[in-house]
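Heads up, the next two complexes both have chain A, just with different partners, chain B and then chain C.
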Partner chain A sequence: MEFDLSLLLNGIVSGLLLGGLYAAAASGLAVSFGMLDIVNIAHPALMVTGAFTVVVLGTWLGLDPLVVAVLQAPLFYVFGIGIYNAYHHFFEKRGDEALQGLAFFFGVMFIIEVGLVMAFGPEQRFLDPSYAYTTWRIGEIDLPLRMLVPGLFAMACIGGLFVYLHRSFTGLAIAAVAQDAEALRLMAIDPVRIKRLAFGISIALASMAGGALVVVQPVEPSSGQVFIGRVFAICIMGGMASLPGCIMAALLFGVVENVTATFFGPSWSPAVAFGWLLLVLAFRPQGLFGKAA
Partner chain B sequence: MNANFRFWLGAAGLGLALVAGLRLLGNDYGYFAGYFVLQYVVLAGAWNILGGYAGYVNFGAAGFMAAGAYSAIVVRQWLGWDLIPGIFAAAAVAGLLGLGTGYLTLRLKGVYFSIATLCLAVVLQTLVVNWDYVGGSRGAYIIHARDIPPFNSYSEMLFIVMLVLAIGTTGIGRAVEMSRLGRGLQAIRDNERAAEAVGVPTLRLKLVATTLCGALMGVAGAPLPYYSGYLNPEAAFSLAYAVNAIAMPLIGGAGTWAGPVIGAVLLASLQQAATVTISSALNLWIVGWMLVVFVAVAPRGILGWFRRRG
Partner chain C sequence: MRNIGRRDFGRLALASAVAGAGVSAGVFPALAQGANPIRIGFSMSLSGGLAGNGRAALAAQQIWASDVNAKGGLLGRPVQLVFYDDQTNGGQVPGIYTKLLDVDKVDLVTSPYATAMIAPAMPVVMQRQMCFVTILGAGVNTTFKYDRHFNMNVVGDNMKETFAKGFLDIAGTLEPKPRSIAILAVDNDFAQRAAESARFLARQRNIRVVYDRSYPPSTVDFTPTMRAIQAARPDLIYIASYPPDSNGILRAASELRISAQMFGGGMVGPQLAAFQAQLGPILNNLVNWDIFSVEPTMNFPGVTEFLTKYREVAAKEQTDVLGNYIPPYAYAQMQVVEQAVKRVGKIDQAALAADMHSQVFDTIIGPVTFSASGEWAHERNLLVQFQGITDGDLERYKRPGAKVILYPPNLKSGTPRAPYGTPA
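And then the complex of A and B:
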């Protein structure tokens, strides 16, 4: 194939936009996996659940998917708290996180995925907002609103989370729980309550990422599977608990994946995720932007 | 008479009784259902070697199994090898796959290995879908001889092959449990740092276990294309294998050689009976719920439950 500069430029720009979506998907995981040390492999499945509820509620209410995503987030927050309560009661308290806890989240992921197949059938669902077919052009570069709007929405969500974690008292407590849960007890704060809250937030973020996902592409019950590799790779590359690192890693990841898809065909993009994950785990497990462990 | 001898004698006796019973029944369905259950005995036993003894969770059972199945297809198309050499090829390929994944991720915390195996299945599926030599997304056909003497039928032969593999896997699991390898793995599960400190070569033992686990999972998959006569990526990488490979040992009792056998026979028979009556999605849904309920309420599985009582 002849090398084409505008193709490469467009690949990079839409990769950045795609990276915005990935950042939204991975930011919730940066809270649960990065800060709380809860290996929530059901995170992408919950994101896809969020996408499906956005389709159902959005069609019913006739609202924009991203508005619905914000409106439904409290429901997922409560759902997340329920999951954490079960996880804490049966696994964390007993010290069984490693094997049984992982199997638990795998089971949850499986139940969600098969449940979605039973409820909605295996076919793809989508919801077209009014701007779905508009594309802005800046010189040679295309900016499809279908990608741009969810990308900006994702950045707004992560920005809100960042301010919350750095400015509010509970936000700081979440960061503290990540560092030393026992020390928090000495401050008369219940670490379990803080973790419950933080896990709820991470699931709410997953559902909002689901809203962004359904604007970008149609979803099917198994959509979450490809995202497992992506979000964990991004989270680890970004240095686990760091939100800026998570965004940087997601943007980089989106660009690499999209340029690969442009030049080698889209069916190869899941392989990129796995390749990166393996390389990062083998050579820089502390992440590209993390401090040396 | 020592315990080893008793185990092999018992296993051989049970195997012969099964074959004789199915011959008396004289129904091909019996062989198919039996094969279905026995492939899960192999898969669950393979998972147990790494997951049960060392406490490292392999989520990629479907990936390793499909690697085995497709290895069997490749050596058949390329070299004209039949089922038995295909099984050895599958063991080699899937074992190397396990070794590679383990080598890259096992120096870190166990969760990274689990996450890597989870993605491995997705990526292998991508590769197979893009690989026209093995049929791509359309799938591959295997046309086999009708009957091979001294067996009554082809399905009886497949059943007996799988029976031998199941007994072999259980025997390997038992041998691992009794050996230095098994005790080392158990030490890793209980406290990896302490094990390292007293001189257990943790990385080497973990690599041996991942290789063995991968190879046996590949072996479980190798006869699959012969069994169904046709294999496409969707069937080979079915999530059902991944969830069953974890649910069966955990429900039966992980970390014991008999646990996976109990779990596999129980769950696979249940699913085989249920596919006739209810939809396959609901069927898998029930397995998912059983997994979650069991790890929450009975983390040591059925065997652990009895041991505590007894």
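And then the complex of A and C:
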């Protein structure tokens, strides 16, 4: 493919929009995996669960998918607390959280997928908002609202979480538990309670990401599988516990994928994007925004 | 970490057994049925990526079993389906067929849905020398060369020279004559064979290939790919894609206002009700491969009655509500087994295979004959065009006129409209 400035600009812009979706999917994992060291491999499946409930509730209430995603987030927060309680009781408390904890979340993922098939069937589900088929054009740049609105929504959610983590006492406690859980006990704070709360927040974020996903594409029970590798890669590339790093890595991932697809074909996209991950880790093993040990 | 003891292992085994039985609902009806049934075993994708088509196929096969049993069964014995969920995982399939043949001791086996699930079953089935009627495989027997394999698929023996023929034949009738083509295919066996056919036939007709790429199944955003195709300015756009991607490709094409003399090819997805409901007018003028349409030229005896029954159960089974794609073929697959057993008069795998090689089968999708390799003796790839679609209302797909057949000539029910990408 010959070089064309318009193609390059559109590749970068569409990559940024795609990165917005990736950021939505990876932000919850930045909390659970990055801050709490819980390898929640079921996170994309929980995002898809959020997408299905958005479709059902949104169709029933006649509301925009993103509004429904916000409204249902407290339910997912409670659901997340339930999952963490089980994980803590059976694995973390016994010190079995590494391999057996991973197996636990694998199990959760499979149960969710089969559960979604049983509950909703295997067919694709969708809920198109009114702007789903509108594309803004600024010069030669195309901005499909199907991608733009979920991207902005994701940035707003992550921004809100960032403020909460840096300005509230509980948010600071979550940041502290990521650094040294035992030190928290010395300050009369129960680290398990803080971790429970943080995990609940991560699952609430999965619900919001589900809303963003429904706007971008129809969903089916196995839709989450496509995102597993990407969200973990973004989380690691961003620096694990860093939300700005998560956003930067997600945008970088999206841009690299789409520019590669434009000029070299989509077959190369994943290889080049994951190649960038290796490159970043070679020069900054702690990730883009991570702190060196 | 604690070691797994013998007692733990026993608990795990029990849990596995319970979990397995839970997804193999076909075992339970076995207990309720009369004595000495003819048992037909298969695996089917009831969860995972192919579950949409797998569940639709199963619903059709269950309707067939119910129809046959209502008429007194086969050879005077009731028919019983024994099936397990392969979870769209080819790795599960050999184990399932081993269990069906060695433990469940079924009398006959049929296949799971499509190439990726059929191929892993072949070695097990061949080892037991079972007659094997498959559904929607693509060239599986090219490798195995098994003389008891029969495939219910319209593609026939020579996919390379025939699959894209209809698309390019229709393109040849357009004015001005198309001179260039873009080809995009997902990285899987079926799509790559479809793309190979388009590439081969385009070169044969001096149509210049200006874009020829594959994409991985994990692709999320098709905007850059479609933009690159747009930049190549092809007259024809030939896509070979699978369901989740087909949606993204068509939406990206719509957002970028892509126009071409013809757009479509071998996309899997637009045949399904969920796509038709969501994409509505975006489908207008799409020319795509298909296997069935409710046009008068395909109103074969029994198909309307079957579709009426299917649509009654589809909503309850949470599967494709229209049934215009796989279900008639799944029913016909079982009709082939039924007619062969009736003619042979006993369960004899060699005799059944000989019968299938030599006889014509009257099915709800028309008469079927098999070639020496077990594919259809005469290919019947349909090229249909969506016409006059104004919204996502599915009722129109129950009547002729929405999915007009352009190819083959003997089933043609309308004339092509061009270009793709203009308002209906």
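Throughout what follows, the second predicted complex is superposed on the first by the 265 of 293 C-alpha atoms of A that agree within 3 Å, B and C clash if a C-alpha of one lies under 4 Å from a C-alpha of the other, contacts with A are read in each partner's own complex, and residues count from 1 in each chain.
Here, contacts are C-beta pairs under 8 Å (C-beta built on N, C-alpha and C of every residue); 3 or more make two chains touch, one makes a residue touch a chain.
This is a predicted model, so every value here is computed, not measured.
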item	value
Which of chain B and chain C A:S267 touches, first, second, both or neither	both
Contacts of A:V114 with chain B and chain C, given as first, second, both or neither	both
Which of chain B and chain C A:L21 touches, first, second, both or neither	second
Partner chain in contact with A:V226 - chain B first, chain C second, else both or neither	both
First (chain B), second (chain C), both or neither touched by A:F90	first
Contacts of A:W136 with chain B and chain C, given as first, second, both or neither	neither
Touching partner for A:F104 - first (chain B), second (chain C), both, neither	first
Partner chain in contact with A:L281 - chain B first, chain C second, else both or neither	first
Interface residues of chain A shared between complexes with chain B and chain C	96, 99-100, 113-114, 117, 226, 229, 267, 270
For the chain A and chain B complex, residues of the former touching the latter	39, 41, 86, 90-91, 94, 96, 98-100, 102-104, 106-108, 110-111, 113-115, 117-118, 225-226, 228-229, 232-233, 236, 267-268, 270-271, 273-275, 277-278, 281-282, 285
Chain B - residues contacting chain A, complex	51, 55, 57, 59, 101, 104-105, 108, 110-112, 114-116, 118-120, 122-123, 126-127, 129-130, 189, 239, 243, 246-247, 250, 254, 281-282, 284-285, 287-289, 291-292, 295-297, 299
Interface residues, chain A side, partner chain C - complex	1, 4, 7, 10-11, 14-15, 17-18, 21, 96, 99-100, 113-114, 117, 120-126, 128, 133, 135, 142, 144, 146-147, 216-218, 220-223, 226-227, 229, 254, 257-259, 261-263, 265-267, 269-270
Chain C residues within the chain A interface of the complex	1-2, 23, 46-49, 51-52, 54-55, 88, 187, 213-216, 218-225, 227-228, 231-232, 243-244, 247-248, 251, 254-256, 272-275, 277-278, 282, 317-320
